[in-house]
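Across the two complexes that follow, subunit A remains constant while its partner is subunit B and subsequently subunit C.
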Partner chain A sequence: MTSPSASSRKALSKIACNRLQKELVEWQVNPPTGFKHKVTDNLQRWVIEVNGAPGTLYAGETYQLQVDFPEHYPMEAPQVIFVPPAPLHPHIYSNGHICLDILYDSWSPAMTVSSICISILSMLSSSPVKQRPADNDRYVKNCKNGRSPKETRWWFHDDKV
Partner chain B sequence: MFVEYKLFFWTDDDIMQQQSAIQAEEAGKIPFVGMILVLLLQEPLSSLAAEYKSGNPILLEKIKVLTEQYAAIRRTRGDGNCFFRSFMFTYLEHILESQDRTEVDRITVNVEQCRKTLLSLGYAEFTFEDFFALFLEQLESVLSGNEASISHEELVQRSRDQSVSDYVVMFFRFITSGEIRKRSEFYEPFVQGLTNTSVEQFCKSSVEPMGEESDHVHITALSDTLGVPIRVVYLDRSCDDKGSFSVNHHDFIPVVRDLTNTNSDDAEAIKPFISLLYRPGHYDILYPK
Partner chain C sequence: MESEDDMHDANEIASVEEEDDYYSGGEDEEEEDMDEEGEAGEDDYSYDYADEDDDDDTGDYDFIANYSDDGDDALASRSQKSFTILKEEDIEQRQEEDITKISTVLSIPREAACILLRRYNWSVNNVHEEWFANEEVVRKAVGLLEKPFVKLPNFKEVACGICFENYSCDSLRSAACAHLFCDACWKGRGSRIFSFRFPSFLGELKLCKRATNSYISTSINDGPGCLTLRCPDPSCGAAVGQDMIDMLASDEDRKKYRRYLLRSYVEDSRKIKWCPAPGCDSAVEYVVGSGSYDVSCSCSHSFCWNCIEEAHRPVDCETVAKWVMKNSAESENMNWILANSKPCPKCKRPIEKNQGCMHMTCTPPCKFEFCWLCLGAWSDHGERTGGFYACNRYEAAKQEGVYDEAERRREMAKNSLERYTHYYERWASNQSSRQKALADLQQMQSIHLEKLSEVQSQPESQLKFIIEAWQQIVECRRVLKWTYAYGYYLPEQEATKKKVFEYLQGEAEAGLERLHQCAEKELMNYLNSDGPSKDFNDFRTKLAGLTSVTRNYFENLVRALENGLSDVDSEAASINTTTSSKNAAGTSKGKSGRGKGSSKAGNTSVRNTADDSGNWTCDQCTYMNVSSAPTCHMCHQRR
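Right, the complex of A and B next:
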């Protein structure tokens, strides 16, 4: 049961706040390779710079991830999108939405922003071709009004990329 | 690839529970408060027979047998967390009623061991510490004689409050995952039989995310890591070719790893005080007579 207001922003719970502060400290001590957190005073929205890994199709390219945390993080998954222009990738839509199971059904509180970043970079790095998903236009057209990707029912059909 | 947009997305389980809750309300049995509670009130076992009224005769016969041994049932929501939620409530209820401090001390030692296991497996402490703290807090609160002590009614309310209940469920998911990964050689064949994936992938996709249903592997691991025996009673349509049947149960008995602890009390210790009713896809709580 997901209410249509899943993307509307409620303030972080106390537990979520605590957890995010701990994640931020951990990130500062031990940031994942290839990522840079752009420091702001907004704990609920992180903007993270991603550098394509050397030796992959995305080497030398830089993108931005926007991570929004829900009230009940980490029980609920954060919303993670690329700020357009998003990388050309078979699982990344031109509006920045990412088809990756751990961001939705397979999210667990055992994961962290850092582990999400590593999964996204690994997804980018293993891509053999720079192209949009086959259903990109249909999906993006239907995603008007800033709809959250967490309200999409995804089908994770491809475990190779 | 996307399939469709979910707006008001209900699972079949939600709908079925909703329907049975509405029926129960109409029968005046359960207060229905507009949403499905994660944990319902205790009901006499006769309500189970009422549910299958005009249903399969084998099920009805089996319920008759169950009625001889069990007095009541407490239903949980079919949200994929029903095993862990049933375990949580029954365990805490047992401590509340027995005030068994020896058991609390024993399990506290096991929980500390679980913490070490997760750390040695490379989990960052900040990912699980809040969940551990919340469980230990609940454990403390069911013991009488301290400021935080709660009544049975409060325990029911807390177990329905998802900001407490879901955290405790997640605590169990963490330690279950830790146990499976720690003994991955032992669990590998079972995991392979279930999903054909690696132990690590299984834990990531079928143990740690909320809402993932529990199987024998989860139950064995939770029972082992906490040292708590669990009885699961099976209610299904199975019978032999001659049409005769028996109500089967399985006791999950934790392996005793510390042999120095083996003494005559163990025969008593391995009798499960947790009984769950399993119907394909769902666990509820059973109360023995």
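Right, the complex of A and C next:
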């Protein structure tokens, strides 16, 4: 879904606030395994700690996800990136951008932060090799000045990892 | 000048004789012709068709299977028109008909039929085939569920799957899958509620688009993807059809959705394309296998259905694409700079030298003085190096071969640029000439015809020949324009073809100029005269004659070019052996393959002329020369 990054800087709508509060409560009651929400008073930006799943390439490693919600969340997808240093993964760029369809084209308002987290962990766990995407340098260079990954036209072609 | 007149006379004779040739071999067989020629005419006709099929279908089209469905229609309509213009209402009507058909045959709701048709590019046949082959797979692929995905919960209150607020069951909605979402999330909250609860938000609410507030409006405002909208639940995939859109979307969004649906009918079809003219909403359906791709929309824009460029018969789409690309290419500028300028040896800015001596002074702030030939500093030059107009150093170095490569490149670029400019100028001037003629035609129809009818006391129906003349001019300008693109790409080494082409083009152009002149200038006399002119009937005969003669010239030109001037080789070969009929046919300048054997009458008459007068046909350019001429009048080839 298209959304200029400017909209993510706008304050959350009432609907978005309500929904996020409910998500937060649900998270506190029933957090997804391997994730820890870092408590802040900013409802619009969540920082989440990710622990690599045991028995995978990322076991014992910890990364941070940053989730920014747009004004019209959940109709619009949140912006989700890894705070560098990002894990070495064929679908994760060194600037933290993640190539994952549900974050962009395939986002549905019935998804939640929790379901995103589970998808990302599953993506990490299924990686057979620790390496950057082939076009990492080119892409990162083009993303200077803090461009949002939501402005990228992603092309999803690899459904194995 | 004298010789030119001669030429015209000779051509007029030839062209009158060719008329027979054209009409009996033409594409649109006229009934009279069929009657006259009886069996032969009909044979011709069927031969034409088969021939064309071979040429046109196999190359560009891979949907012959589709075509066979309506093969009969194509055959029937072929002799009239190769395309149908569809207005928006026509498209809507066709959509309705198809939806009704599918909905009745498969016994499914209209919205489901619509989803299926969309999936199979609005082909009723394909929907039938796929559905009856495996209904279950088709249903799954498009998200048409037979029974709910989940059971409807029994609780009184259920949370909406998007906003997570609790609602009573009956105030939630779902697609066929029974995944429940609240109205606010489906269609957005009405601004009334906002203004009631948060009066201070009202201003802002009006500013921000409500579009992004609900599932349906977000999707519709995201583009035509909304036509395949599914249930918001990521694991579900149940289709959200037009019934739900109509129920839940705002008026504006509903309109957009319908618009996308309409567009999909055209854009998914391989037989229909939108008219590319700005502001035109019509589409054109092309009957496959009907020959020329040139179509003209009801908005009067005529274009090539295959490549969407303006109509360009007889030149093929590939050449046109190359030409258009070339015209817009920045590379031509580069070519010019390369050919006509040298960089200043000091500041490297390109400098064009269009006149004067070899002593150059670069513009300020550089002001470097240098020699144009050797590009060395002028301070090293003077009387002893050859003076202002020569440079001994350059000559010496050139002898040694130092400059050869760069110079040759420059020279070549310059030649090719001049060649291009030659064709481009003529292409462009015919283009503007056509625009002018089009405007004149419109003016003629709207203003002058009425006035002329008054002045000359002629009913308007008797003045049709003027409109026809102008229409012919407009069409000829178009053809002539494209022949310059054709000429540009005609390989230099095919000298014979090139000569024939230039001859045909020259003939056509001269004819057109006469016609244009007559329609533009001479008509004015009759338009501005005080009362009926005595010789108006003569004028009618003249203009109508010129129109028909010019039409023939251009038909010949078009056919010859469409054949790739392929007659050139065969004719050159056959001329020496059979001097009679084949030879005479040579005068019909680019006799087409289609007209083969069809112009018996025409051939005979030409042959007689040739025999009686002892005229001879040039081997090289096929021009018919008078018996006394030892060399060809056109190309100076010896007899």
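Just so we're on the same page, the second predicted complex is superposed on the first by the 153 of 161 C-alpha atoms of A that agree within 3 Å, B and C clash if a C-alpha of one lies under 4 Å from a C-alpha of the other, contacts with A are read in each partner's own complex, and residues count from 1 in each chain.
By our rule, a residue touches a chain if its C-beta (ideal position, glycine included) is under 8 Å from a C-beta of that chain, and two chains touch if they have at least 3 such contacts.
This structure is a prediction, so every number in the text was calculated from the model and none was measured.
Enquirer: Clash or fit: subunit B and subunit C on subunit A?
Expert: With subunit A aligned, subunit B runs into subunit C, so clash.
Enquirer: Report the partner of subunit A that touches more of its residues: subunit B or subunit C.
Expert: After superposing on chain A, more of subunit A is contacted by B.
Enquirer: Using the superposition on chain A described above, determine whether A:L24 touches subunit B (first), subunit C (second), both, or neither.
Expert: Touch partners of A:L24: none, neither subunit B nor subunit C.
Enquirer: Looking at A:K14, would you say it contacts subunit B, subunit C, both, or neither? Reply first, second, both or neither.
Expert: Touch partner of A:K14: subunit C, not subunit B.
Enquirer: Quick check on the superposed pair: does A:L57 touch subunit B, subunit C, both, or neither? Answer first, second, both or neither.
Expert: So A:L57 meets neither subunit B nor subunit C here.
Enquirer: According to the stated criteria, A:E71 is in contact with first (subunit B), second (subunit C), both, or neither; which is it?
Expert: After superposing on A, A:E71 lies in contact with subunit C but is clear of subunit B.
Enquirer: In the overlay, answer first, second, both or neither for which of subunit B and subunit C A:T152 touches.
Expert: Once the two structures are laid over each other on A, A:T152 reaches subunit B alone.
Enquirer: One more residue to check, A:P133. First (subunit B), second (subunit C), both or neither?
Expert: After superposing on A, A:P133 lies in contact with subunit B but is clear of subunit C.
Enquirer: Between subunit B and subunit C, whom does A:N142 touch in the aligned arrangement: first, second, both, or neither?
Expert: A:N142: touches subunit B, not subunit C.
Enquirer: Of the partners subunit B and subunit C, which touch A:V47 in the superposed model: first, second, both, neither?
Expert: A:V47: touches no partner chain.
Enquirer: So, does A:C99 touch the first partner subunit B, the second partner subunit C, both, or neither?
Expert: first
Enquirer: In the superposed model, where does subunit B crash into subunit C, at 129-137, 147-155 or 255-263?
Expert: 129-137
Enquirer: Which positions of subunit A sit in both the subunit B and the subunit C interface?
Expert: Overlap of subunit B and subunit C footprints on subunit A: residues 1-2, 13, 15, 18-19, 22-23, 26, 72, 74-75, 106, 108-111.
Enquirer: Quick check on the complex: what are the subunit A residues that touch subunit C?
Expert: Residues 1-3, 7, 13-15, 18-19, 22-23, 26, 71-72, 74-76, 102, 106, 108-111, 115 of subunit A touch subunit C in their complex.
Enquirer: Per the contact definition, I'd like the list of subunit C residues that touch subunit A in the complex.
Expert: For this pair, the touching residues of subunit C are 161-165, 179, 181, 184-185, 189, 198, 201, 208, 212-215, 218, 222, 232-234.
Enquirer: Could you list, by residue number, the parts of subunit A that touch subunit B in their complex?
Expert: Answer in residue numbers: 1-2, 4, 13, 15, 18-19, 22-23, 26, 72, 74-75, 99, 101, 105-112, 133-135, 139, 142, 147, 151-155, 157-158.
Enquirer: Flag every residue of subunit B that touches subunit A in the complex, lowest number first.
Expert: Result: residues 1-10, 14, 123-124, 126-128, 130-131, 163, 166-167, 170, 173-174, 177, 204-205, 208-210 of subunit B touch subunit A.
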